[in-house]
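Here the structure comes first, spelled out in structure tokens, and everything after it is commentary.
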Amino acid sequence: MNKLIVAAAGALLWVGVAAQAQKSAADGIAEYRKMLEDGNPAELFEAKGEALWKQKRGPKNASLESCDLGKGPGVVKGAFVELPRYFADTDRVQDLESRLVSCMQMLQGFDGAAIANTPFGRGEQDNVTALATFVAAASRGLHFDLPQSHPAERQMYEIGKRVFYFRGGPYDFACASCHGEDGKRIRLQDLPNLSKNPGDGVGFASWPAYRVSNGQMWGMQLRLNDCYRQQRFPYPGFSSDATVALGVFMGVNAKGAESIAPAIKR
Amino acid sequence: MMICRIIALVVVACSVAGCASAPSPGELDRRAIAVMQSSFRDQGIAKVDRLHQDLGQQACSGASPPPADTVKRIEAEALASIRWPAGGRYLGDWREGEKLAQNGRGMTWTDASASPKDNGASCYNCHQIDKKEISFGTIGPSLWNYGKQHGVKDPTDPASAAIVQYTWGKLWNSKAYAACSNMPRFGHMGLLDENQLRHLMALLLDPASPVNQ
Amino acid sequence: MGDPMRIRAQAQGDKAVVRVLMSHEMETGQRKDSAGKTVPAWFIQEVTASHNGTPVFSALWGTAVSKNPFVLFTIRGAKAGDKIVVTWVDNRGDKRSDEATVV
Amino acid sequence: MVSRRVMLRHSAEAAALMATAGLLPTTASAAWPQAAFDAKGLADTVKALGAGAPQESKDVTLTAPDIAENGAVVPVGCACALAGVKRLALLVEKNPTTLAAVFEVNDALEPSFATRVKMAQTSNVYAVALLADGRALFAQKEVKVTLGGCGG
């Protein structure tokens, strides 16, 4: 027992020595990422989203051009950097994707619940991603500033914080396991610290993003969904309160960060 | 249980609409748990019962660490839970260990089975191990030269017993040495079997392992 | 015939730099689906471009070009207002042309 | 003027390539050189493109990163300002199909192209300039492909 404790103390004191060779690898990766910026396939989804926004569709044969994303009907520019926020018509705090589904239901007559239950990348869910890409792109270069004036918005921040630190599952992981400290990596990928402001706001401000590894466009809902998959948690519902609360927590923490969405990611 | 559910639903409705007065921190804690319970569903092998927290998971679910007496209790219980290897055989084949260390798969809802034979150990996600692998994470400390740094020349020598046992214990239940460790409890949670753990031990401690060159 | 391309043609001195993004799966024919069946190859084989109606660019591609392909080339003597038309043809015979103006 | 030359060269080359390949194209595009895209390694691929033994040359420029964070998208470019260059090709040695892309070079274009390719693993990448006199000049670089993300 004593021996064990001594050994444990030794192991704790003993810190890694070999981070030197990493410098060149990090430089190489930085160079690679820079080369990719010239021509981000997210533009294809942005163009598709813009066409979908203007097109008369759905049972009501209407466009989304009068959709209220929080800054009044039809205002797209600047909406992304203030979401998630509270909406009186649905009496809910909504993120970009769940708000788009509400607009598709209210204006175009689509079945919102059916869209929410559609797997990512299929049917109308794929259209939601393209629409989200278009809306996000209209705020590129603007700075995040989520409203916290409504009590429901403040409460969602507090709940989101608790969801962020909720540890569970067979691996004992929480969002905070990977995103609670500065300067950490998984493999070669930098992990943004999403737990505070100022933090790495760009972690929140890059999605929707084009995923190089699978050639897919991912919105924040799918980003969070795959985080939870890797966290070895059960499946979070599309636009469930936990995912929206996390959006509020990360978004408020990203205050002041410049939006670079839609970005290009590994 | 049923009553709890109903209360939870009422609370969520309140949280979404916004209540008249700001809720207390304790009330927010309860609402957050209700949100967790209502937001997830079973998918494949990943069932909602994974959200039932044990003492350690619950105590380590905050921005700050739990109180000292809770830390002590978690660590003591974890230490007592460690199952030492059958026959006192601690080391396997470092080559198999390296394969496991590279493999980040297992236990997600896209994995077919939760059996240890279908799981990797995900070590490189968080640790540097063999220096030749440049794609490694930094959430945990570097393990390059782990055995060498600890002066392990012969892992069966009694002089090496302390570090050998500590390493096994850390792999079996990391919380025995740090209550809120970020590292999974590979043995305790049934993620890896004894032989797989022996292979990882060899990767770290075998003088012939590339880690100790 | 696929989704529209994104073509950016920017005048730089007496040239125009053309950047094209195409929406295409670019299946290699090596990949297996979740049921273990090989997904057949499906990829763009030929890309051509014209400048004010004159063919100027031609490329032949294999399965190794990335999904949602990107290509960059530079046309001599092109100026703002000129028309660039890009066309791709894939191994199934699907085809798509899109037009852009040099800015 | 340019148009006519380009068009003529296209059809002539298509015929030559088909002759080299020795088989009828099974693909939608008649000009697509099946044999060249089936070839393995630098030497065989260049041969299948109808050129002689490849020579390394400083006159050919290959742009590629040292490390690719993901092999699914690796940005690569090729350029060669020598007179007499007819085509520029990009090759990835260890891919199931070595030849990735062939670009026609003519007076209407700068002899410089960029695209993105998939890489199955760490490998040498080549930019090859095919000249009118049958010579093939190349530049090479090893690109490391890393494992990324959580790996699950």
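Going in written order, the chains are labelled A, B, C and D, and every chain counts its residues from 1.
We adopt the following convention: a contact is a pair of C-beta atoms (placed from the backbone, for glycine too) under 8 Å apart; a residue touches a chain by one contact, two chains touch by 3 or more.
In this text the structure is predicted, and so the values were computed from the model without any measurement.
A.B. asks: Count the touching C-beta pairs: is C-D or A-D ahead?
C.D. replies: Most C-beta pairs in contact, of the two: C-D.
A.B. asks: With chain centres defined as C-alpha means, what is the inter-centre distance between chain C and chain D in Å?
C.D. replies: Going by mean C-alpha positions, chain C sits 16 Å from chain D.
A.B. asks: Would you mind pulling out the distance in Å between where the CA atoms of chain A average out and where those of chain D do?
C.D. replies: 38
A.B. asks: Round to the nearest whole Å and give the separation of the Cα centres of chain B and chain D.
C.D. replies: Computed value for the inter-centroid distance: 48 Å.
A.B. asks: Find the geometric centre of each of chain A and chain C from their Cα atoms only, then give the gap between the two centres in Å, rounded to an integer.
C.D. replies: Centre-to-centre distance between chain A and chain C: 30 Å.
A.B. asks: Got the chain C residues that touch at least 2 other chains?
C.D. replies: 66-67, 70, 72
A.B. asks: Two-or-more-chain contact residues of chain D, please, as numbers and ranges.
C.D. replies: In chain D, 67, 72-74, 116, 144, 146-152 touch at least two other chains.
A.B. asks: Quick check: what residues of chain A touch more than one other chain, meaning two or more?
C.D. replies: Residues 25, 38, 186-188, 215, 229-230.
A.B. asks: Taking all chains into account, which pairs touch?
C.D. replies: A-B, A-C, A-D, B-D, C-D
A.B. asks: Taking the touch rule as given, give the residues of chain D at its contact with chain C in the complex, in rising order.
C.D. replies: The contact residues of chain D facing chain C are 2-3, 6-7, 10, 27-29, 31-33, 37, 72-74, 77, 92, 95-97, 99-104, 106-110, 112-119.
A.B. asks: Quick one: in the complex, what on chain C touches chain D?
C.D. replies: Checking each residue of chain C against chain D gives 15, 26, 28, 30, 45-46, 51, 54-67, 69-77, 89-93.
A.B. asks: State the interface residues of chain D toward chain A in the complex, per the touch definition above.
C.D. replies: 65-70, 72-75, 116, 144, 146-152
A.B. asks: Please give the residue numbers of chain B that touch chain D in the complex, ascending.
C.D. replies: For this pair, the touching residues of chain B are 102-106, 108, 110-111, 120, 122, 124-125, 134-135.
A.B. asks: Can you name the residues of chain C that touch chain A in the complex?
C.D. replies: 3-6, 19, 21-23, 25, 66-68, 70, 72
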